[in-house]
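Below, subunit A partners subunit B and then partners subunit C, in two separate complexes.
Moving on, here comes the complex of A and B:
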């Protein structure tokens, strides 16, 4: 009998261990929007490496698994690697200001806002030795619109004349792209589109060398098949465990400080941080859910930053209950955003005051955090005829589970039962866009500070159907249309402010919760590292090899 | 009258097995606390008080509070309801399915036996957790679906045992006599075979409960069990995982409940088999 007891004890113990061992939290690759921007390189005149010690930085992150071709990946983790190797014509620095990179200056635009004229820098070489010319730029855009490429972010560029014909397979050449000579070209649009130059500054518009890219074919972006004009080149890449980048000695913007940058993949956050504690990596992104474990012990090594995103409750406005604006307003009133951010997110966020992120022009600074008043919420529900309580079903991703469990608790107080199901990212995406989820969590990030990016693709009437929102307000649509056509930034900001007011203060078409904070953890010998908006850039960073082991 | 003697004799033997009696006591305490949870604790298991989140154990909250400020002791007690009911109900379902499948296979033999034996093989060679995950995913989370899934998953073992027993029994003279006497198949199955299978069913049921409880905990841990905010030991451990370094007690308490329940059922099942199976009697 004793032996039996031991066996029972052991098996129960093993089972419990197995329970607590698996699972894990590789959750935060969940950013809905295609996030990324391109960024800074103040081309710090490099004096690095003069002591002859090799400077190596090891960075740990999850593997996006989408390759490094930013025409076919929309993942910010792909961009964090690709942006070191390939460059777009312009880019955003870590303060989210746009600057020319491969151009001598910003492009000039015709009075009607349709024709953009560009001048390339001369003497810029890809790391395979070929010189960058206008034909590479033309090739890049034609590749993007070639249906065989299956590029994912064409929506940001398909206002180029002829782009839609190419996407439909009716043309093989981009009508709106005219090569003047090796260093000059023009791009003509179908209609005036103010954010066009900003879209050119995203990683989606990275310029590829025609010869090498054609030769690599479908393998472009895999292994070492990514060649660009950037400050690093790929030395080694197995696509599954690590990528090793080395300094591009001929970089047109001056040398970077590092000799070598290793990107090591950890799909589990906890494992990644143990690797950090062991000194296997020098730098890693840190999920907010793990902040409570690390914030005291590593207070000096954690740096917080604010990407241009908003986390909000996304709703299907055709739902029986949620089509009633009073129900949506009641939900908003039932949630204590300050407490939510503080208690559930460990303070990693700013309670929202409206939909537009506070770093985007048009954000209304005069607003205060949404009111928390459960009694008023109950009254609104009662007035709307739902005094007996209602049940709303909901699907959220694992990354949002904690926040939505808390929201479930808030809503229970006012008589709303939230049926909460946690689903994987793929199910979430397909169910949400199909309009099958009445209520869910979403975080929409802008690649650069512009209201169009944050609003248009989620809430403009024709776009919101594809997001499963079904928002349709002609006044709101008109404001966004006007803002697209205007080239006056102050005027545009004002239009977005008005649009935001309709969206999130009157219609409650979404219920903004907070502007999320992101953070990274870096060893003290990692110097001058900064993140502006989700994508990591290693252009100014330096390490002190004497302090590194 | 022989039957009565058999059970009272078994009971006498059972009382001598101290470990099994202890297990029974533990289970009785767990059942009582599950039933009377609302009386035993002043807290609502799902009431969120974020101001009181992650409090260490104190006199106010003997097991501390979780990340939403809910009392962990209260949630453990309510979790008892889920675990015990899932264990017991699913095994009752498994026993019913298992008994009929086993009897049919053993009693009718031939083609019926071939088909059922094949099904038994299929069901017992499938990895249980994977199968349960797939079923729960298809059905959706919820306590009824848990009962069905886990019941449906564990009938094969019962069926195998019953089939073996019936194969032996049907050759016995009194069964033969009943059949010669014109007794219908149904009469034989219910009147003569069933009473003889009861001890077997009790044992397989009791031994099946702990594995059902563990599977439920695993499913809830993976988010496929009972929907939130309903408390379940598995989902509590899942929630506690993030805080394992800072608030270790949080994962410990539901873990202790799982271990205690599983061991108690296993020991009780062993004890019952020792006394109910004539061949095992010392």
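Moving on, here comes the complex of A and C:
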């Protein structure tokens, strides 16, 4: 009996270990490498101060879990890694100024605003050794519009002539892209689109090497299958726990300071901060919900920055109550934005004065924070025939729960019952797209300082339906159309200022709440790290190994 | 015995098939469109419809299910919508971490639980029994995530004894194993004690004592072995739960195991991954219960002779 029992127990144990072994081969090697990396990092610390010490920075962030192909991911966390490896023709620096990277200069544009002429830098190589040529750029854009790629951000480039034909499966070549020679090409648009060059500076337009990308096929962006012209190259990537980047010694833009950049994935914010305290990571983004817990203890190590975004109440303007501008204005008057930012966000934000973020040209600096006047709000509701109170349904994501619980309280004081439901992202996205959410919270970030990015895709009449807003104002649309056609940036800023005034001061088509603050925490030996917008870049950062543990 | 095993095996396959069917239809009726989730905030209705058609998600549900089942029978669980990798690969990767953690945790649980249970039974109603059972009551009541955080802060962070998170080296599994293992040790100790006390009152034990056998032999051979059936039931259930992932503990210790993989998949409506994960969970549970059933029969032959086995 005893033998039988032991045999059975051992069999079960062996089966478990065998199953474990099935999935373990690649991870085993990753773990071994982990230990090696850990010891390497330790060594660099222990030999601090001596010449030739390897400069290693360990950065903690959540894993986007979408791969690093920025044609199929729109996640800023993916971009923070991908942007170190792959480059677009132009880029935005950490002060949000655009600069040519793979080009000799900014492209020239024809008088009608339709044809852009580009000149590539010569002698730029991908990290697999092949030289960047116009063919790679053409390949990149044709891959983006190939329906099989299922690229997510085609909306920012589909004004290129022939893009829609490709997306519809009616063409396999991009008609608007002409290769002149290895270093010169032109792009022709269907219509004048002033922000086009800015869109080319986003991660979505990262340039891929044709041969390597074609060879990788569906695995492009997974593991080490991402090759670019950037300052780093991928040494190791298990897509799950970490990505290790090492310096691209032949970088066309000169040496970066770091020898190695380790991106370690922590999905739990609290765990990430404990790892920071323990010295496992040198740098991490810091969720606002943890700010109160850490701001006193690590005051000198926390740096705040302001992405180009606005948090606002997004409304379905076809809703029985919310279609009335007086109800929308009453909601705005009922909310004390300064108190909301201080009490709920621990001060991590700037109370909004209009929809356009205060870092975007066209933001009206003369405006004050939206008025808080509950009595006026009650009066407006009474005048609109809702003096007995109304109930509005609302779905928000968990990240917005605290803010909207507070808003629920503000609205209750003026007679509006907010029926608040917290839903997950998937439910939120599909319900909002289907126009099923009367009122919700949204934060719309611009990847660069331009009103078009922040306004067009959310509020332009033909686009706002997809956001479940159903805003339709011909004057507003015309201002956005004119701004797209104009090549004069001052004139464009003025057009966005007028559009913003209609959107958020007259129509109250959205109710801006605050411009969110973000923050990162970095050890004192991390130098020259700066974040200008959503995406973290490691082009200029340095570490002092002599101070590193 | 062979008939018994074949019957149980057929039952297991039927259970997995039923679960796959139920899961498939539930996933397709709950709120949250996977394509809208996948495409994010840039997507409009046309784009969503276009991608759905590309992915075959515009076909009637029964057709989608048959396609999925056909692929499954060919060993293909599909590709994750977000991670863009085969579901089988992702599950095996996560299982690697979960299996190591589960094995380590259960070794902790068995050592602590069986020792405490046997001691408590032998020293029934004495101070050692009361102390051990009080500790086990605390162990059952204390949530694993709370124990995990305490261990992380006080053992990992304050004293730097073990890594606070991550499993880049084997010692990284120590704290998660303790956090999970102590919880399961508590339940094992209680069932061991109760089961042994029940057996200790039976006549054959009195006879063994009357025959003058050594107490250690009586406890370990006569009492413990006869008390094993309920203990194995608990062990089976526990191992099933551990191998199907411990989301919170995995999250606290940053372990990319099965629990974390599946919860993320559910949040994002990554349907192929959720379906594959549910099949995995069902298969593990069914396999564990199958092993437990067989063990019953090995330990107590009366079980397989029972009518309606």
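Operating definition for what follows: the second predicted complex is superposed on the first by the 499 of 549 C-alpha atoms of A that agree within 3 Å, B and C clash if a C-alpha of one lies under 4 Å from a C-alpha of the other, contacts with A are read in each partner's own complex, and residues count from 1 in each chain.
Following the convention adopted for this analysis, a contact is a pair of C-beta atoms (placed from the backbone, for glycine too) under 8 Å apart; a residue touches a chain by one contact, two chains touch by 3 or more.
This is a predicted model, so every value here is computed, not measured.
K.L.:
Can A:343 be said to touch subunit B (first), subunit C (second), both, or neither?
P.N.:
Touch status of A:343: first partner only.
K.L.:
Now for A:421: first (subunit B), second (subunit C), both, or neither, which partner does it touch?
P.N.:
So A:421 only meets subunit B here.
K.L.:
After lining up the shared chain so the two structures overlap, which partner does A:239 touch, if you call subunit B first and subunit C second: first, second, both or neither?
P.N.:
In the superposition, A:239 contacts subunit C only.
K.L.:
Applying the touch criterion given at the start, work out whether A:293 contacts subunit B, subunit C, both or neither, answering first, second, both or neither.
P.N.:
It touches subunit B, and subunit C stays clear.
K.L.:
With both structures superposed, pick whichever of subunit B and subunit C touches the larger number of subunit A residues.
P.N.:
C
K.L.:
Quick one: classify A:150 as touching subunit B (first), subunit C (second), both or neither.
P.N.:
The answer is second: A:150 touches subunit C but not subunit B.
K.L.:
So, does A:406 touch the first partner subunit B, the second partner subunit C, both, or neither?
P.N.:
After superposition on chain A, A:406 lies in contact with subunit B alone.
K.L.:
Have a look at where A:325 lands relative to subunit B and subunit C in the superposition and call it first, second, both or neither.
P.N.:
Neither subunit B nor subunit C is touched by A:325.
K.L.:
Taking the superposition on A as described, I'd like to know which of subunit B and subunit C A:278 touches: first, second, both or neither.
P.N.:
In the superposed model, A:278 contacts subunit C only, not subunit B.
K.L.:
After superposition on the shared chain, which partner residues are touched by A:53: those of subunit B (first), subunit C (second), both, or neither?
P.N.:
Touch status of A:53: no partner.
K.L.:
Residues of subunit A that sit at the subunit B interface in one complex and at the subunit C interface in the other, please.
P.N.:
1, 4-5, 8-9, 12, 16, 19-20, 23
K.L.:
Name, in rising order, each residue of subunit A that touches subunit C in their complex.
P.N.:
Result: residues 1-2, 4-5, 8-9, 12, 16-17, 19-20, 22-24, 26-28, 31, 34-35, 37-38, 65-67, 72, 74, 147, 150, 152-153, 155, 218-219, 221-222, 239-241, 264-268, 270-271, 274-275, 277-278, 280, 423-427, 429-431, 433, 457, 463, 465-467 of subunit A touch subunit C.
K.L.:
Considering only the defined contacts, which subunit A positions touch subunit B in the complex?
P.N.:
Residues 1, 4-5, 8-9, 11-13, 15-16, 18-20, 23, 25, 289-290, 292-293, 336, 339-340, 342-344, 398, 401-402, 405-406, 408-410, 412, 419-422.
K.L.:
Using the touch definition from the top, list the residues of subunit C that touch subunit A in their complex.
P.N.:
Contacts found on subunit C: 31-34, 36-37, 39-45, 48, 50-51, 54, 82-85, 91-97, 99-100, 102-103, 152-153, 156-157, 160, 163-169, 225, 228, 243, 251-254, 256, 260, 264, 267-269, 291, 294-295, 298-299.
K.L.:
Taking the touch rule as given, give the residues of subunit B at its contact with subunit A in the complex, in rising order.
P.N.:
17, 19, 46-48, 50-51, 53, 67-69, 140-141, 210, 214, 217-218, 221-223, 227-229, 234, 237-238, 241-246, 251, 255, 258-259, 262-263, 266-267, 270
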